[in-house]
Structure formats: C-alpha cells, structure tokens
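Structures are listed in the sections that come next.
Each of the next two complexes has chain A plus one other chain: chain B in the first, chain C in the second.
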Partner chain A sequence: MIRRPIPRWLVVLLGILGVFSLLAVYGGLSYRQSLVNEKQKVIPGLQAFGDGVTRMTAPQGSEETPKPSMLVTDLRATYWRLFLGTGLGVVLSVVVGIAMGAYRWIAAPLAPIISFLAKIPPTAMLPIYFVLVGSDQTMFTTMVALGIFFTMAQSVYQSIVNDVKDEAIDKAYTLGASDPEIVYEVIWKQVLPPILDNIRLQIGPAMIFLLAAEMLVGAEGMGYRIRMESRVLNMSIVYIYLCILGFTGLIGDWCLLWLRKKLCPWYDR
Partner chain B sequence: MHALEIRNLSHWYGTRRILNKVNLTIAPGQIVALVGPSGCGKSTLLRAILGTDPPSEGEVLAEGRLVTEPNRDVGIVYQNYSLYEFLSAEENVAFGLKLDKTSLISRFIALPAYLRKRREHLQMARDFLKKVGLEAAMGHYPAELSGGMRQRVAIAQAFILQPKIVLLDEPFGALDEATREDLQLMLLRFYQENLKAKQRGERPQYTIIIVTHELNEAIYVADRVIGLSRFHTEGSQGAMVVYDRPCPVFHPDDPKDLSKFVEQREELRSAVFDPNYVKHHSKYVSFWDELSNDALAVAAMNSR
Partner chain C sequence: MTKKHWIFVCLFGAAFAGCEPSNKSTPNSTGSGTAGTSSAKPATFTLAWSEYPSWSVFGVADEIGLLNKEAGKLGELEKKWNVDIVLKGVDYDTCLQMYGSNTADAVCITNMDTLGPATDRASVAILPTSTSVGADACIAVGVNDLEGLKGKTTRGLERSVSQYAFERILIKKGLNPKDYPFSNMDPGAAASALQTGDSNVQSIMVWNPFVMQTLRDQPKSKKLFDSSEIPEEIIDMVVVGKDSLAKEGGKAFASCIVETFYAINQRMADPKTADKTLVAIGANFSSLGLEDMKQVVQQTRFYKSPEEALKLLSSEEFRTKTMPAVAEFCVEHKIVEKKPSIGFDSADSQVNFDTSFLQAATSGK
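Presenting the complex of A and B:
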C-alpha cells in the first residue's frame, strides 16, 4: 500500500543499513580493483585512505617557516570564500528583495533585470568575473555573492508578494504602524522563514560556483586540490574532500533548520 | 461630536460609478449594520472610510478629523487574513499597543524601558482576551485557533487601541452557526457596556459598522440598520443609502425572539434587495428623524 506508515525503529534500522551497504559495496569494488592492480588509487582501500590523510595533514614548509597543512590551507580558503560570498549575497538579496516587496517603484525597474540575470548560469559568467574583478580573493567572493544574489533576491521578492497580503499591511497602519515598522514588524517577520529556507537552498549552488571557480583559477582551496589530486589519480584525497563538502552542506542545512525552529516557532504549526 | 461623518461620498472604478453621494453620520456607541446586495459597494465604502481607497469625491471624518490614509482612528476586522500568523494571540492583541505607543528606534535604544512597557501591554492584551472569553488560548498561534477564536482575537486587536470606530467586513461569514451566535452575543455585551458608559457620562468605547449579508444578524446585533443599494430612482448612478432606520436592541441574556425581526426583515428585503421595488432613495432614510421624534416624545413625557 502506498504511504503505509512504518515504525520508527525500522526507519532508523533501514537508514543504518543503507549506509553500511554503501560502504560494503565500496569495499567490494575496491577489493576487486586491487586484485587487478595492487597499487591502484582509483578506488582506494583503507590503507590508501590512511596515506591520504597523513599527506593531507602533514605540516608544510620548512622547519624555520612552518606552514599549515594542505587540508587546513584548503579548508580555510574555501570556507572563508564561501562564508563571505554567501553572507554578502544573502544580505544584499534580502535588502533588495524586501525593498522591492515594500515599494512598487523599486520593484518596477528591478524585477525584469533581476529575473533575466537570474536565468544566466553563474558558472557561465565566470569569464566575466575574471576579466572584471581579477582572480584574487575578491573575485571568488563576488562571484559567489552575485551567483546567489539574483535568484535569491527574486524569491525573497516573490515570497513578499505571495505571503504579505495588502490587508496585513493596511491593518498594521490602522494599528498605528509607521513605514519602517511595517517593513520590520510585518514584512520581515512574515518572510523570515522563507528567507532561511532560501539560504538553505542556496548553499548548494554557492558551493558549485565556488568549486568551479577554484578548479579553473585557484591556487589553493578545495576545488583546486580536487583537480590537482585527481590529475595524478590520488583519489583517496579527492574522496575525502568530497565527503567534507557533503557534510558541510548537511551541517549548514541542519543549522538553518534549527535556526528557523528557534526564530519562527509559528511556522511549522 | 460624531464618531464618523461621511459627506457626499462618491466612488468610481474607471468610468463605473459604484457609490453615489453617500451621506452618513454615526454617533459614538452605535452599532450599525450595513446590508446590501452583493457587489453594491459595501466593501468599497469601508475601504473609503478606512482610507486605503480614498473616495473619488466627498470626505470622511473620524471624530472631526479628515481620513486620507489608514491610521489608528479607524480599526478594521476582515473576514480572512485577520491575524498576523507569526504572533501569538496575546501578541496579536498587543501589536497595536506596541506600534502605537512605542517607536521602532526606542525599542532598540531604550530596551529596558520598552520591556517594562511591553509587560504592561501584554497584560492589557490578556485582560481583553479574558473579556472575550479566550483566557485558555492566549499563548497560541493563529494556526492553532479555530475560526471563531481567531475572529475574537481580531476584534480584541482592533478595539484595544480604542479607535473612533471599528469596521467589520463580514466578520462571521466563514463561521458555523453556533460560533456565529456566540460572537453575536459578544457584540451585544459590548453594546451593554456602551450603555453603561453613557449612563456614567463617559464616551462609549465600542462604535461599530458591521457588514453582513444575514438580515437576522443585522437586526439582532445592531441598533441601527443601513441599506446600500442601486435599486432607487437614480439607480444607474451607483448605490446610495436607501435605508437607515433604528432596529430593536437585544440584551445578551434575552432570548433571541425571531418574531421581532419579521416585519423589519421584510421591509429591508423590499427596500434594499428587491430590484423591482423602485422608490426615491430617501424613502426609508429616517434614523435621525425617528430618533429626534423619540427624544421629543421623551421630552414631552417629562414636561407633563
């Protein structure tokens, strides 16, 4: 029967089983590959992963001028870019989206431009960023920020149009609200949950843009490392980096869900 | 001073005239039912009074002050969208106090003072909710309330600021019969409070225009019924006030004696809703005359 409910313990058990069978299948494939070629690095086994971790975490540089390990350097670069870019893009798009939702004379000129630019894949715009902003830190931040700005500004604007009824605004005026109070107490409070959901949805695209840019022009960062290591078939490092990216997305997701529950207890009722 | 005064109000949508020279004065403490065929312009009139859709011609004065945009003098309760879903019941009721009595900046820079006021506001909101029979649901969000509870909260929300007048646009339209009667009783209790305030020589707190399509409801909750309609000798020019008469006042503890309604309901039906019954628009507009006749009669009685 479709949608027949199953008990909670079965959900958990099947979840664990899923993870283990994935690991088992991987182990099997890795073992078979090693029978063909003992030194294979395409589907590395435990031993190879151990070597990868050691190499990743080994301090770089010389005795006198020690540098952090590969992993630390990459994580620091990528997370900083991701954080700065996403933060900037979110703040910008929330401000612009709310301004558009509040004032028709702001929405009228901006809405067509934004909906057009939102349709161009940001990765396709990479060359433009290289030319205009160069290829340093600013470039990565700008491209992540702008990459999510257009879609997110558009959806913030749309949620205001859909969720904030004229009646809600008119009534706030009858309760003595000023214009800034309507923006903060009515519009902002009403669309905070969709905004948080939107940020959640933008983490994925933001990582895509950043990783793509790092693969093309980076000198450090996870995208750069994945490309370099896969060239020499050091797949253990590639897989670990991919896992880290996956967990980053998951944790970001959880944090925002948690935040939404804390800030908007009304939303899930 | 009149709670509300409408002078020669006309409204056009494009070239179509909806309202034609509506004139109306409402005294503090009156509960006025506004009835009329659907699409005749009742909501348009309310939006003009509210100030969200200012009239094409004429003016609206709330206690002598010209209404040009929505403000705290005129309150509103809608049929739907009546509450802010991100605020609990008590926060919804306290919302007006927060917006009207404190400013956005002071909430941030003078936080301790604001928090003190906030506690008072929430206490006032809870007291009002108790009065409308909602002490059990004060911390609940609108999504957790039934339709009838939501409308009670919305009514408390509008009245707590003590506006000059509150407009109710088909407030009970989506409720089931029993809930509807509970809410009608609540309005009757408000009316009794008005009478007591008048006896003490105070300004009555509840002045209401309630739009309804239920003639029984109109006669039951109001002390005055106004009919808006196109069915009169100037009909092509839009709706006018074609009916304005007092109606019997019920005490909340009285039984709802339907026989008292029959005559006036038939009168309303023909005067306001019957397209074939064309008459001069002022034929049934006699509220203030009837009132002053009563006053004269009372004066005559006293002088005897």
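Presenting the complex of A and C:
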C-alpha cells in the first residue's frame, strides 16, 4: 500500500543498509579496477585513502616559513568565499525581493530583468567578471552572490505575491499600521519560512558556481585542489574533498531546517 | 511488519546486485577489452587526443578517411593494419584521466605529463609528434623586462608545461625562479584576464592558441620570453600503455598510429595538399585559419619524418639532460612522489621511449 507508515527501527535499518550498499558497491568497483591495473589510483582502496589523508594534512612550506596543510588552506579559502558570497547574495535578494513584493513600481522594471538573468549561469560570463571585479577574492564572492541573487530575488518576490494576501495588508492599514510596520509584521513574517527554504535550495548552486570558478582561476581552495589532483589522478584526495563538500551541504541543510523550526514553529503545522 | 517489507528489502538488495554485471561490461564496451582474439575481427584500441597542432592531425586523419574514429568502422590505414582505432577527441585534462584510468589505450600527451601516470601504468612513448619552439610564452602588460617582472605574480596552469617552461627559462637566463612567483590560473582564463585588463593579472604564462590570441587582442601586451629558448625540451608525443601494447594487435595499433601521423605530414609537405591540410588541422585546433596556422607550425615544430624523431630520441642532450631535468621538476613540484624509471628501448622502464615503430617506419619507405 502506498505511503503506509513503517516502524522507526526499519527506517534506521534501511538507512544503514543504504550506506553499506554504497560502500559495498564502491569496494566492488575498486576491486574490479585493481584487476585492470593493480596500481590504479582511480577508485582507490583503503590504503590509498590513508596516504591521501596523510598528504593533505601534512604541513606545507619550509621550516622557517611553515604553512598550514593543504586541507586547512583549502577549507579556509573555500568556506570564507562561500560564506561571504552566500551571505551577500541572500541579504541582497531578500531586500530586493521584499521591495519588489511591496511596491509595484519597483517590481515593474526589475521583474523582467531578474527573471532573464536568473537563467544565465554566472560561470559562463567569466570575462565579464574579470572586467567588473578582477580575478581575486572579490570575484569569487561576487560570482557566488550574483549566482544565487537573481534566482532567489525572483522566488522571494513570487512568494510574496502568492502568499501575502491583499486582505492582510488592508487589515493592517485599517488598524493603523505604517508602511514599515506592514513590511515587517505582515510581509517579512509570512515569507521568512520560504526564504529559509530558498537558502537551502541555493546551497547547491552556490557551491557549484564557486567550485567552477576555483577550478579556473583559484590558486587555493577546494575547486583548485580537485582540479590539480584529478589531473594527476590522485583520486584519494579528490574523493575526500568531495565527501567534505557533500557533508557541508548536508549540514547546511540541517542547520536551516532547524532554524526554520525555531524561528517559525507555526510553519510546519 | 509483514512479508511485504522483506520483499522490499530483497528488491533493494537485488537492485545493487544488478549493478554489478552491467558494470563489469564497461571496460569492454569502451574498447580497451581484449575482445579481438584470433578471429578476423580486428582488435579495438582507443586513442585519446586533444586539440593541439600535432595532435589534431588525428582528427584530420579521420576526416580524410585514413582512420575512422568510430568503433566498428575502419579507415584506409586501419584496414591495412587490421586494427580498429577509436579516436576520442576530448580536453587535455580528460585525456590524462582517461589514460590514467585505463579507459584509453593510448594518449596524446607531453613528455612531462607522462611521468605522473607512468608511476602507476608503465608507458611506452612510441611517437614524438612535435616540440614547442615558442608555443609557450610569458606575456605581460605594463612590464617591459624580466627586471620589472621580479616580485610580480605570473598566472598560468600550475604543475604543467607552462610552469616548467617558466622556471626552466628563468634558470637558463641565470635568474632565480623564487624571485618570480607563479600562481595557478587556467590558461584560457588567464588569457582573457590579461585581455580584459584585469589589474590583478599583469603577467601570464600560457600556450597556443592563447599566446597568439593575447598578443593580437591586447595591444599593450609584450612577450617577455618563450619556449624557443628551450627547444626540444617540451615534447608532444603519443604514449601507449605497456599493457595495451602487449595485447593482441597492440603492435599493429602502434604502427598504424605512426604511419597515420607521417601520412598527414607528407600531405603538409606536398605543395599540392599543404595549405588544405593546414586548414584542416586549424579547423581542429581552436578554428584557426591558414595564416595563423602557418605561424603555429613554426612555434610547434613537427617531427615531420621518422628520421627527425629518431634524431631527437638518440640525442645525448634529450636522454641525459632534458628527461632527467623534467623528472626533477616533477618531483620538486609534487607531480610525482617518486621519479619513474625512464629508459630508451628498455622494456622494463616505467617510461620507455621505444624507437622500434619509428625504425620500422623508416625502413618501410
């Protein structure tokens, strides 16, 4: 029967089974590739992963000028860029989205431009970014920020149009609310949950844009390392980096879900 | 909890088990299998090539019918050698990955990049196709000489021939590479950064077609030095996996590639077909036209005949100076952990420059 509930222990068991199956498939593939070439690094086994971890956590630089390990350097660079870029993009799109939802004269000129630009992948416009913001830190931040800005501003605007009813606004006016009060008390409170959901949806694209940019212009960061190491087939390092990225997305997702439950407990009811 | 749950669990397991057989067939279907055996059906081999003057030759060979890039179809020379060559025209980085993962039997690769995969897959260099004599260059905007470049970061692909050429030339000029920082950027991106006037990028080290493009499209740019200072150090070649070469039909595959390469070179030498061939190569190399291509083949000098190729491989300079220096660079920059053994006509080396196919091509005339 469709959608019949299953007991809790079965959910957990099947979840664990899924993870193990994934590992088993990986192990099988790794073994098969070893038959093709016993020294293969493409689908490395446990031993190779150990070596990979040792290499990426070993301190770099000379004794006089020690530098942090590969992993620390890359994580620091990538997370900082991701954090700044997403933060900026979210703030901008919320402000613009709400302004568009509140005032028709703001929405009228912006809506068509934004829905047009939302469809263009920012990584395809690399030279334009070079002209506008150069190729250093600013570029990564701008690319992530603009990459998610257009899509998100559009959906914030859409959810205000769809979810915030005219009656609610009229009622607030009748009760004597000012414009800023309506924006905060009526609009903001209603669109906060969809905004949080939207941020969750944008974590993936934000990481894609950042990694693509790092692969092309980065001198450090996860995208840079993935490209450099996969070029010489050090896949043990690459896969660990990919796992870290996967978990980053997962944890980000959970945090936002938790935040939504805390901030808007009424939403799930 | 009923039986139905267990059916679901079983289905789940079966789905994974089902993956196995279909996965197993992949190596065969990609053409690196040993399916040929003793039947008349020719064995299938894969050559991965990327757009570069002396490698785009294989794209042209497919266009004029010497080879047929598809599996199961034979070109003129494939019929002669009774071997089915599958040509995969992909990105350079993808070429390296395909070769390293045994997905391709042979690859178009530079002498330097051979060392990385060779530590895990013993490799046989069968054919040097060209050498860079100006195709890799350091170009700057607002910097007029090497004195001015001191302390300024040059952008280019790290751990590639770009960085190799950059450091080698500096050393050759008696300068210390430590005074000239080099930082990673994709060559295409670096070229467009310099062309758009990005203030962070003042100097780049890239290869063709980016060298030509940048010098033309950025009037303020100036070439500081190029690989003509280190001729015959950056070698473009075709490398076959030792395992693939040992397979039935492997030698025919290598011979067929060598013959194809020289067949196109003859068409480039023949005044009747020279321009046409050059245009065809240009169409397979960043869509360059005839005039550009005439300059390109000056900067990427082809080894036009087996004799020229043999001369390189027998030269003391290349054997005892260039290759050891390249290996040294690879270890220093952590491209390889340990130097692979490099040999000339020595089957046990991890990188073996095998001249037998070239020699056969000379006597074949």
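One rule holds for everything that comes next: the second predicted complex is superposed on the first by the 267 of 269 C-alpha atoms of A that agree within 3 Å, B and C clash if a C-alpha of one lies under 4 Å from a C-alpha of the other, contacts with A are read in each partner's own complex, and residues count from 1 in each chain.
In the analysis below, contacts are C-beta pairs under 8 Å (C-beta built on N, C-alpha and C of every residue); 3 or more make two chains touch, one makes a residue touch a chain.
This structure is a prediction, so every number in the text was calculated from the model and none was measured.
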item: Superposition on chain A - do chain B and chain C clash or fit; value: fit
item: Which superposed partner A:Pro7 touches (first chain B, second chain C, both, neither); value: second
item: Partner chain(s) touched by A:Phe83 [first = chain B, second = chain C, both, neither]; value: neither
item: Which superposed partner A:Ala24 touches (first chain B, second chain C, both, neither); value: second
item: Which superposed partner A:Tyr103 touches (first chain B, second chain C, both, neither); value: neither
item: Partner chain in contact with A:Trp258 - chain B first, chain C second, else both or neither; value: neither
item: First (chain B), second (chain C), both or neither touched by A:Phe116; value: neither
item: Touched partner set for A:Thr174, first chain B, second chain C, both or neither; value: first
item: Comparing the two partners chain B and chain C, which touches a greater set of residues in chain A; value: C
item: Touched partner set for A:Phe247, first chain B, second chain C, both or neither; value: neither
item: Vertex chain A; arms to chain B and chain C (CA centroids, nearest 10 degrees); value: 150
item: Superposition-derived minimum Cα distance between chain C and chain B (Å); value: 33
item: Residues on chain A lying within both footprints (that of chain B and that of chain C); value: none
item: Of all residues in chain A, those that touch chain C in their complex; value: 6-7, 10, 14, 17, 21, 24-25, 28-29, 32-33, 36-37, 39-42, 126-127, 130-131, 134-136, 215-219, 224, 227-228, 230-233
item: Footprint of chain B on chain A - complex, ascending; value: 165-168, 170-178, 180-181, 184-186, 189-190, 192, 264-267, 269
item: Complex interface listing, chain C residues touching chain A; value: 1, 5, 9, 12-13, 16, 19-20, 23-24, 27, 93, 96-97, 100-102, 116-117, 119-121, 158-159, 183-186, 188-189, 192-193, 195-201, 243, 335-336
item: Interfacial residue positions of chain B with respect to chain A in the complex; value: 50, 52, 69-72, 74-76, 78, 80-82, 84-88, 95-96, 98-101, 103-104, 141, 143-144, 157-158, 161, 163
